[in-house]
Amino acid sequence: MDTMSTDTKQGGAMHWHVRKLLTVIAEAALERKLIEESLALGIGGYTISEVRGGGAHGVRAGEWEGERSIEFKVLCDADAADRLAGAIMERYSRHFALVLYTTDVGVLRSEKFS
Amino acid sequence: MDTMSTDTKQGGAMHWHVRKLLTVIAEAALERKLIEESLALGIGGYTISEVRGGGAHGVRAGEWEGERSIEFKVLCDADAADRLAGAIMERYSRHFALVLYTTDVGVLRSEKFS
Amino acid sequence: MDTMSTDTKQGGAMHWHVRKLLTVIAEAALERKLIEESLALGIGGYTISEVRGGGAHGVRAGEWEGERSIEFKVLCDADAADRLAGAIMERYSRHFALVLYTTDVGVLRSEKFS
Amino acid sequence: MTLDPVILFFLLGLVARLLKSDLRLPEPIYEALSVYLLLALGLKGGIELARYPLSQLAPQIAAVVALGCVLPLLAFMVLRGVGRLQRADAASIAAHYGSVSVVTFAAAMTWIEVRGIPSEAYLPLFVALLEAPGIIVGVLLARGASGGATRWVGVLREVVTGKSVILLIGGLAIGAALGPTGVKPIAPWFFDLFKGALTLFMLELGLVTGRQIGALRTSGAFLVVFGVATPLAFGLIGAALGTLMGLSAGGATILAVLAASASYIAAPAAMRVAVPEANPGLSLPVVLGVTFPFNLLLGFPVYHAYVTWLQA
Amino acid sequence: MTLDPVILFFLLGLVARLLKSDLRLPEPIYEALSVYLLLALGLKGGIELARYPLSQLAPQIAAVVALGCVLPLLAFMVLRGVGRLQRADAASIAAHYGSVSVVTFAAAMTWIEVRGIPSEAYLPLFVALLEAPGIIVGVLLARGASGGATRWVGVLREVVTGKSVILLIGGLAIGAALGPTGVKPIAPWFFDLFKGALTLFMLELGLVTGRQIGALRTSGAFLVVFGVATPLAFGLIGAALGTLMGLSAGGATILAVLAASASYIAAPAAMRVAVPEANPGLSLPVVLGVTFPFNLLLGFPVYHAYVTWLQA
Amino acid sequence: MTLDPVILFFLLGLVARLLKSDLRLPEPIYEALSVYLLLALGLKGGIELARYPLSQLAPQIAAVVALGCVLPLLAFMVLRGVGRLQRADAASIAAHYGSVSVVTFAAAMTWIEVRGIPSEAYLPLFVALLEAPGIIVGVLLARGASGGATRWVGVLREVVTGKSVILLIGGLAIGAALGPTGVKPIAPWFFDLFKGALTLFMLELGLVTGRQIGALRTSGAFLVVFGVATPLAFGLIGAALGTLMGLSAGGATILAVLAASASYIAAPAAMRVAVPEANPGLSLPVVLGVTFPFNLLLGFPVYHAYVTWLQA
């Protein structure tokens, strides 16, 4: 199923592989931890951007260093996404401003994101 | 259907709930309005990042304050996403540089994004 | 199929059209090229944000101009996404730090993203 | 001819953009520089303000505010009558030209200083006074009688708490409170560096202007002509009012520059929110691509000539 | 009364935020300013440090470090005993008040300078010394005996390599290495501009504080009272210790200010990582919304009065 | 030994990174500082440039451009012949060493100034002249005869409109236009602050270098040796040419430094676009992790010794 390309689904010419994109929006204080958790699960890469926002923990306007938030994203297979999400929820969701979600995405070089 | 977890779909161990991620790319001038519209619909949070780009309204390179664009994202259920998208399109799409789209995503704490 | 709205899928009131979101995470040096490739395929717009990250090419912490990365996104139909992804993979994936993936998204003004 | 650093840096930015150079200044630097310039201008004016009795300034304040209300009306009439623009667009452009450009003011101040032309020390007060009225009149023109009182309070609040007004008024107040002695510890930062910081801001504005010039096609020929004719006409009005108010040669020239300049910070921001149906693709290219460089490169000597002629 | 620029700019930021102005300073500017201020403070102290024999400084260093260990213990006892806070929250808040606010220190230095109060030149050394102990004691209090040696090394490393300590110590070392002559080429940047740069930082802190004041409800009445009572009490302890140590009037006042101030850079960052179960929604509003403005607007004369009374 | 502030700040950044401190300077600040430094260097050179007749400068200009073309050829031969690198990689690294490091130049200028070594005032002109040729020769070497004329125009345009060349040439032109008097209002910003701003840039470069040192394994032992041997050899060539050209001791030392330095701004950017098949993981760690600190910490006295020996 992993190697099933999306071209059967939408008629395109490229051979897309289904993978998960796990997105974590969290306090900047968690940056190092999130990278370490991903590495520990053998995930091959990550991408971070600076964000601001609001939620149950109030407005985090990102105006000064005490209030920075990041968006942390990893592309991986469903299994690794589940494990990483599980580890993050267990260790950080209680005490940190944090939101996470997964999206189904299509990638081309599946070996990069297994 | 809301409580249907994606584990039946991809075999993962976590209990994912299907929600909508509504993304709005718009002139920075709309920031306050977008937050207010979301709050008015009872949506519990939002995330913003700085972007630049180009489209029907020309290049918006984000080089100075008159040309800043933001990406505004909310996680919510399909119904709230529809309403918010409808309100934004009705009130702002005619006069503002603006693009919006929804994505199906999986979340863990469904009560946060109902 | 292009005009099939997602309201049959999730019961919402708006008329969503299925399109592709192609996301490219790449060295900032590719910015101009990515814009040009999109324009050449007749894609109507793009959005860019500054990111940092790590992958097969090592840590790209975005601390100085030699190490900046961008996230480049286009909304378009599946066919254009395939072509753009194909062109980028062929021309740049060998020599540049680069990751790309597609997501199925719903848009309202389908004529903007055909 | 005396060359001004600010103009040369503006031209450098312009040339770099036209050559498609990858030169850029990050947006946070642009924002920080604009906060700095507004504060420094306010402070400079505030220090001197405390010296003048209110009785002397009150009539001048009234006259300047009146000018800020009349100019957008004139612009609106021309834009509707001659240019046949839609109501919202005409009102929005009128607001830009009714308000002022702080950077043009700063460049004009260095222009008269370099030439040793005497001027009143409280001129930054005029900038603060002229920022808001044009915008408010513009919104009024767009709405006509309609709109309702509640929305009005919102628009007024937005304009008055906008960053330019807050920083100018805040700077004026702090300058007045500190006086010439109290301000000394922060003088190296706010005053000695002012012109240097302005050159960097000008470099950035050259880059921005370069892009707007490319967008001038959208605005059309009428607006390009409008972008040159309006400063020439409004400059004359400003020079005349300044002379009537008894300002020095430098003061009247600066009032002419303020009248001739068009806002590209406060006005566009306010218009997007208050008059969203106005198309910024019409106004910005003219304000930034025509009027701003026109004033900077050619306008100052003209306005000074107006004043010399009127005060003769 | 002498008005201080830094305080006026802080108030301007506060007012702008309370008026819901769109004024903001981009986060990269905030970060750059804080790097600059820490380096400048370190340098200033380092230049003078080289002149003093270690034998003279050693007892003072020991006393100051002891102060940094005792203050969080006192705070913890009150927060647990009187405030009935949870262990983690009490420990975290104790760490904030045990550590110091660099900006409050900088503002106090200009306060005593403007008034011509003499002080020791190596006071920035005390800032560097007081930064870490409060945080380390706070973590210890949160963990009790548990936690394990390995985690301890991690926490210690994090605090000691934290940006504030690195920049202060780095600045001190570079200042000591360069001496008064070697530092001359960089003096315009680090010293002449210092107070001006501080005003911009204060403007930003006013904006940040304005938001925290709105969040004070979460902290509750006890912590608001705590946020005023603690600086008054700790200031007295600092003033007494300074007097015992034989510091000048200015030096003792500054030690009082340091004791009275609460950290909002190093401590919150360290607590999020080392004591995540502590709720920052309790501590930050009090530290930034109560104690910081209290010290800035009312505290300095009080601490100076303590010293005058004690040294009389 | 005279300690240079710039070197101490570089070391502070390096140490902070090796200690894994969270210290960082935001990228927009890095970009703004680099724009500032390039402009300031250009201006400084431009002011003096106007004084020299073209007839005197023309032969020097020709000689310096020739140097910029020959050095990358030499580097290429060694990298291919001895190092057995692939054509693209050898060409790319040759381009880096053929071009120059502006920051190394700035540090060397303060090094000779502090020591009172006399030098020509138009040396920044050499930086502008040496920026491009190395890169162009590098592209030529990568492509061989192939590539086509159209692509060539593109590469040339990209290098010549690149930010470093635009700002250096722009600064030179503005400086020449303004002259010593016209530049006075902006002197506090561009000249008094120069060395201070440079220290902050050096701090950042120390942090960046610290990361590159960790990546040196990818480059391999040959390139590490190359990163030390090349500046020693090229420095001698530069010193010899400077002496032949009749430059003063300072001028020849600076020409040696320029020859010895390797570009890490313009060259990497140009190579990514023009020679994408070259691996930046080979070149950057050596340029930034070996050659840059080698020149800064050890190179300057060596190049000065070359000159003293050659001019004796």
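Labels for the chains are A, B, C, D, E and F, by order of writing; each one numbers its residues from 1.
Operating definition for what follows: contacts are C-beta pairs under 8 Å (C-beta built on N, C-alpha and C of every residue); 3 or more make two chains touch, one makes a residue touch a chain.
Worth saying up front: this structure is predicted, and the values here are computed from it rather than measured.
Colleague: Shared touching chains for chain C and chain D?
Modeller: A chain counts here if it touches both chain C and chain D, which gives B, F.
Colleague: Count the smallest number of chain-to-chain hops linking chain C with chain E, moving only between touching chains.
Modeller: Minimal hop count between chain C and chain E: 2.
Colleague: Count the touching C-beta pairs: is E-F or B-D ahead?
Modeller: Answer by contact count: E-F.
Colleague: Hey, how far is the Cα centre of chain C from the one of chain F, in Å?
Modeller: 37
Colleague: At what distance in angstrom does the C-alpha mean of chain F lie from that of chain B?
Modeller: Here chain B and chain F have centroids separated by 46 Å.
Colleague: Can you check how far apart chain B and chain C are, centre to centre, with Cα atoms defining each centre and the answer in Å?
Modeller: Chain B and chain C have C-alpha centres separated by 17 Å.
Colleague: Among the residues of chain F, pick out those that touch two or more other chains and give their numbers.
Modeller: 24-29, 31, 188, 193, 269
Colleague: Mind pulling the chain A residues that touch 2 or more other chains?
Modeller: 49-50, 103-104
Colleague: Tell me, which pairs of chains are in touch?
Modeller: Chain pairs that touch: A-B, A-C, A-E, B-C, B-D, C-F, D-E, D-F, E-F.
Colleague: Provide the residue numbers of chain F that touch chain D in the complex, in ascending order.
Modeller: It comes out as residues 26-29, 31-32, 35-36, 39, 157, 161-163, 166-167, 170, 173-174, 177-178, 182-183, 185-190, 193, 269.
Colleague: Write out the stretch or stretches of chain F touching chain C in their complex.
Modeller: 24-25, 27, 30-31, 34, 204, 207-208, 211, 215, 264-265, 268-269, 272-273, 276-277, 280-281, 284
Colleague: Where on chain B is chain A touching in the complex?
Modeller: It is residues 6, 10-14, 16, 19, 21, 35, 44-50, 75, 103-109, 112 of chain B that touch chain A.
Colleague: Provide the residue numbers of chain C that touch chain F in the complex, in ascending order.
Modeller: Where chain C meets chain F, its residues are 27, 29, 50, 57-59, 61-68, 92, 94-96.
Colleague: Please name which positions on chain F make contact with chain E in the complex.
Modeller: Contacts found on chain F: 2-3, 5, 8-9, 12, 15-16, 19-29, 110, 114, 188, 192-193, 195-197, 199-200, 203.
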